[in-house]
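What follows is a set of structures for review.
There are two complexes below, and they share chain A, which is joined by chain B in the first and by chain C in the second.
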Partner chain A sequence: MNSFYGKIVTTWLCLIIPLTTLAQQKNMVLVKGGEFIPLYGVDSATVKVNSFFMDVYPVTNAEYQQFVIDHPKWRKSKVLKLYADASYLANWENDTTFSKDFLPDAPITSVSWFAAKSYCEYQGKRLPTVDEWEYAAMADAVSPDARKKEDYNKYILSWYETSNTIKNPIGSTFKNYWGIYDLHGAAWEWTLDFNSVLISGESRKDVDKDSDLFCGSAAVGASDLMNYAAFMRYAFRGSIKAQYSIKNLGFRCIQDVNTNQ
Partner chain B sequence: MKNLSVFIIIITLLFSSCGNKKKQEVAETNKELSELSIYNLPSVWTSQNNKETELKDLRGDVLVMVMIYTSCQVACPRLVADMRDIESKLPNEKKQNVKFVLVSIDPETDTPERLKEFAIENEMDSDQWLFLRGSESDTREFAAVLAVNYKKISPMDFSHSNIISVFNQEGELVHQKEGLGVNNGETIQAIIDLAK
Partner chain C sequence: MKNTANHSFWDIKKAMVLALFIAILPSCSNDKPTIRNPKDMPITGQVIADLTSPPNVPVPIGDRKAKKVIVNMEILEQEGTMTDGVKYIYWTFGGSVPGSFIRTRVGDEVEFTLSNHPDNKLPHNIDLHAVTGPGGGAESSFVAPGHEKTFSFKTLNPGLYVYHCATAPVGMHIANGMYGLILVEPEGGLPPVDKEYYVMQGDFYTKGANGERGLQAFDMQKAVNEDADYVVFNGQVNGLTGDNALTANVGETIRLFVGNGGPNLVSSFHVIGEIFDKVSVEGGSMVNKNVQTTLIPAGGAAMVEFKVDVPGTLVLVDHSIFRAFNKGALGMLKVSGEEDEQVYSGTQMEGIYLPEGSGIQTMPSTATAKEEAPQELSLAEKLNLGKTVYQQTCFACHQPEGQGIPTIFPPLAKADYLNADVNRAIDIVLHGKSGEITVNGTKYNSVMTKQTLTDNEIASVLTYVYNNWGNNKSEVTGAMVKSRRNIK
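Moving on to the complex of A and B:
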């Protein structure tokens, strides 16, 4: 009897311990932390990013459908206006059915920041910060930082000019250095602190004027393709509000490596 | 049998330490709250008097809100001055239904003690004035609601939008004014119109 239970214990331990110690979930990969200089860093200095697990793919229509089935308060007829504007899930047939025009495994879009944040929290995850997202997304297929490569930048910029990529199934773009798909080439993605981008009303200016919207230093310094592509993303983030639900804006989640929980 | 109990204990421990914690559905109370009300936010804050406060505790008053941090040298003193200016221009009979709320974007530095000192230094220590600090993520969320953007740019300094927001008694955003030292006539009128 004792040896029988002993065996079970050993088997369970072998199965479970590797899974729980990493706290990593299915379809996530490790992005090893490091330092980099983002376009809008802290006083243009190096930013340190800790290691994290990132979803390999953006959250899909089918996954989000399951979420609203499980959590009725995020259905389009139920969601508080404080948390999502009228465009939330705009093209859905009804509360729990997404549009027939979209594939189940295409990225979910038209979701607000509050909804995206809540989705990740229900999975025991969170949205990536701007720095974390940019850090993971500066990789191409072979290197962790491809920002100086012409091909990489051309790829991103040509995507910015392509419409309807949100109709493609996830995984239609390249697999990057970390094993992550679709950071570029599918949908734009929410970040946790998207509202840390200041393109207006900044503390060093006395008055907020539209003429100062794209503050000179940043625009003039953006002298190459690399900065141009990143600049588009930062400008976009700086121009949106948390209630907005935009048809090419989706999200994915990440998880801290050392969750001290 | 000893092994069996060890087995049970281990399994229990493993499962309870599992990282995949699901949040409990927060019970939806206060059904009569407007959908746009900030009183829907479940966050809990600490005041300058070290008192735990939920936003919905403020229901019933007109709120004039701003996000600041106390170690700020440039914009915040002017934002604070703007708040005091608004307060001073309100007729006395209206004031008792108005609360001036200053929410810290630097909760790490702005402890309740620090907020209290700041309140006293700036003669904003009457019941009219409420200073709040919350967790980093609740602060980020609250800023998102107010459309206030901010970023830590050095250990002591933040960039942030300078926005004064006015909420009605039900916590709905009624008026916002962006900028420093701007004409506050409209803001004052909005408050007077709301305060009974």
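Moving on to the complex of A and C:
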């Protein structure tokens, strides 16, 4: 998708029907819907995901800067405490300037769920659900579902142990099957319903709660590294609240594909 | 007891039954007006807990009253050194592995704040085995990066307890170093000793094999297979050797708080050259005496006590012995005598049993030793001292006659590698050695840790080795060792 075409589409959208999303905006790619079994779905049943467009990259510092310039209520001095805790944009020099330590094209982090959600909505987009995010993120470079591949899982696990990846520019990781970058290897990303699968943090207790979810991995079929990677993502999501702003947590947006078209 | 003889047998029996009866009844009046149930102990005042990193422990509680104890613990995910040239990302309670030592007494009310540093990637929590309550605090302490959680508990049972992170996947959080010890002292404190230290074993699983250089990632597969690359004390191969060695003086009583974080391996904790006078088995209230090796389960602990009678280096090991000599589970406690080095060696000679029946070793007299301490030793003196050092230090790996163990420990007998270069041999003893070498046609690729010995000890042990077992009879001097010490 070249950006020229993308621009035309965007402009056209803005002018004609700003509130209905019929086609993708620039720098988004189509993730073709399908069914999959999320690792920790509520009852490990198959989940159907509709087709959607997803941002190729996470939202950057520069993009978010423009957002707060345009929308003063999301500046760090103005934002309601209810919507963002004290760590919101913690490293910013002032209301509209991000820290010199970070690149303009590195992912924005230290933003709350409310802020991320609002950002997407202003673009005519929305945050992905956990299922949508996991569906897009189970792809490696060549296949839509790489969860059984050892290398894929090792890559993710090693990222979880690498610090400072939010200092890298977007696109520093691999391009996945759908053409999306940085789902693993840059920053954690907000999801719309991040707390839908409740992980108490007491993993052994979680075992009792839902044995289907956790016992399978406790018996550790040795190749089930994927469970560990996913464990950690779900544990992370379980530890956060919507007003939290966390240094390694950013976001990207998606857009529904209008099926009536 | 002098009246006892006048009592009839029946009287004695009655008295005994009565005594037994009193002992059984917990609420019976006791001479001490102690409140028995820790739950009901009154709290008098508040203190901020002094947390220490290993091998140190905070000062004993002595006879202080039960208090509100504020504990502030910070979680840090940070890079550290596993062994020379090998880095690892540790997840830590308080910046060290094991995490900070927490010292409380029974009846304390602990207000625990767990902070997860904003730079951290992951959520964490803490499960304190000293806590009576769901998950040992894990659920109420589950905390995202950049946040903190506070919860409170009362210490009801005296003992030494493990704490650890219990966030999914638990094994990985523990394998990366998230464990430590919390001590709950009984009322009135533990009996005083001269020195106390904090030692904790852990097993580590790295992508590269043992000794492979660079930043090593955690290997989940090896962890699942329980195939450890490193088994270490205090988080790294040299956690308790060299500058990190424990120290004590002759005549002192030592108490070690020993824990085992796991995640997988059970420790056969042993101190070469010592017998534990007392062991608080599994960190609980049962005391065993005269113990050679005590078993410390993963997620468990023990308190061991012993008096050090002779100067020298005591070696702490997991007596599952390949872990000690090949994977790093080896620490040192250096015991200094009152006198200088020569006396110290002299004293050692009395305590050592030489199975080969080498006869009585004559050491220089104390008077001359004092003057000559910094000077070169004669060849005969070196051969004597060298034999002692060899028996104490090198023997375990290189074997009694220097024959080594093929492919694991290279030989020092008729060894081409040794005879080829004296300075290289000095360097190996001074600085340790890893990487592939070929000795007498056999390849070795292992790790010898640096040996913490004095210049004269190294000169002596090498002279002893060179003058035995068909080697080239080189003589090494203290000055030669000294001159190599600063090169690296």
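Heads up, the rule we're going with is that the second predicted complex is superposed on the first by the 211 of 261 C-alpha atoms of A that agree within 3 Å, B and C clash if a C-alpha of one lies under 4 Å from a C-alpha of the other, contacts with A are read in each partner's own complex, and residues count from 1 in each chain.
One rule holds in what follows: a residue touches a chain if its C-beta (ideal position, glycine included) is under 8 Å from a C-beta of that chain, and two chains touch if they have at least 3 such contacts.
Computed from a prediction, not measured in an experiment: that's the story for all the values here.
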- After superposition on the shared chain, which partner residues are touched by A:228: those of chain B (first), chain C (second), both, or neither? second
- Task: Using the superposition on chain A described above, determine whether A:195 touches chain B (first), chain C (second), both, or neither.
- Result: first
- Query: With the two structures laid over each other on chain A, which partner does A:73 touch: chain B (first), chain C (second), both, or neither?
  - Reply: first
- Regarding the shared-chain residue A:121, is it in contact with chain B (first), chain C (second), both, or neither? first
- Task: Answer with first, second, both or neither: which of chain B and chain C does A:81 touch in the superposed model?
- Result: first
- Message: Under the stated touch criterion, which partner chain does A:25 make contact with: chain B (first), chain C (second), both, or neither?
- Response: first
- Message: Per the contact definition in the header, classify A:113: touching chain B only (first), chain C only (second), both, or neither.
- Response: first
- Looking at the overlay, what does A:238 touch: chain B (first), chain C (second), both, or neither? both
- Message: Quick check on the output: what are the common chain A residues between the chain B footprint and the chain C footprint?
- Response: 200-204, 206, 238, 241
- Interface residues, chain A side, partner chain C - complex: 87, 90, 154, 157-158, 160-164, 188, 199-206, 214, 217, 220, 222, 225, 227-228, 231-232, 234-236, 238-241, 244-249
- Message: Show me the residue ranges of chain A that touch chain B in the complex, using the header's touch definition.
- Response: 1-2, 5-6, 8-9, 12-13, 16-17, 20, 23, 25, 42-43, 71, 73, 80-83, 113-114, 117, 121-124, 192-193, 195-198, 200-204, 206-208, 238, 241-242, 255, 259, 261
- Can you list the residues on chain B that touch chain A in the complex? 1-4, 6-7, 10-11, 14, 17-23, 25, 28, 35-38, 40-41, 72, 74-75, 140-141, 143-145, 147-154, 158-163, 178-182
- Message: Using the touch definition from the top, list the residues of chain C that touch chain A in their complex.
- Response: 77, 79, 89, 118-123, 125, 127, 134-135, 138-139, 141-147, 166-170, 172, 176, 217-218, 220-221, 224-225
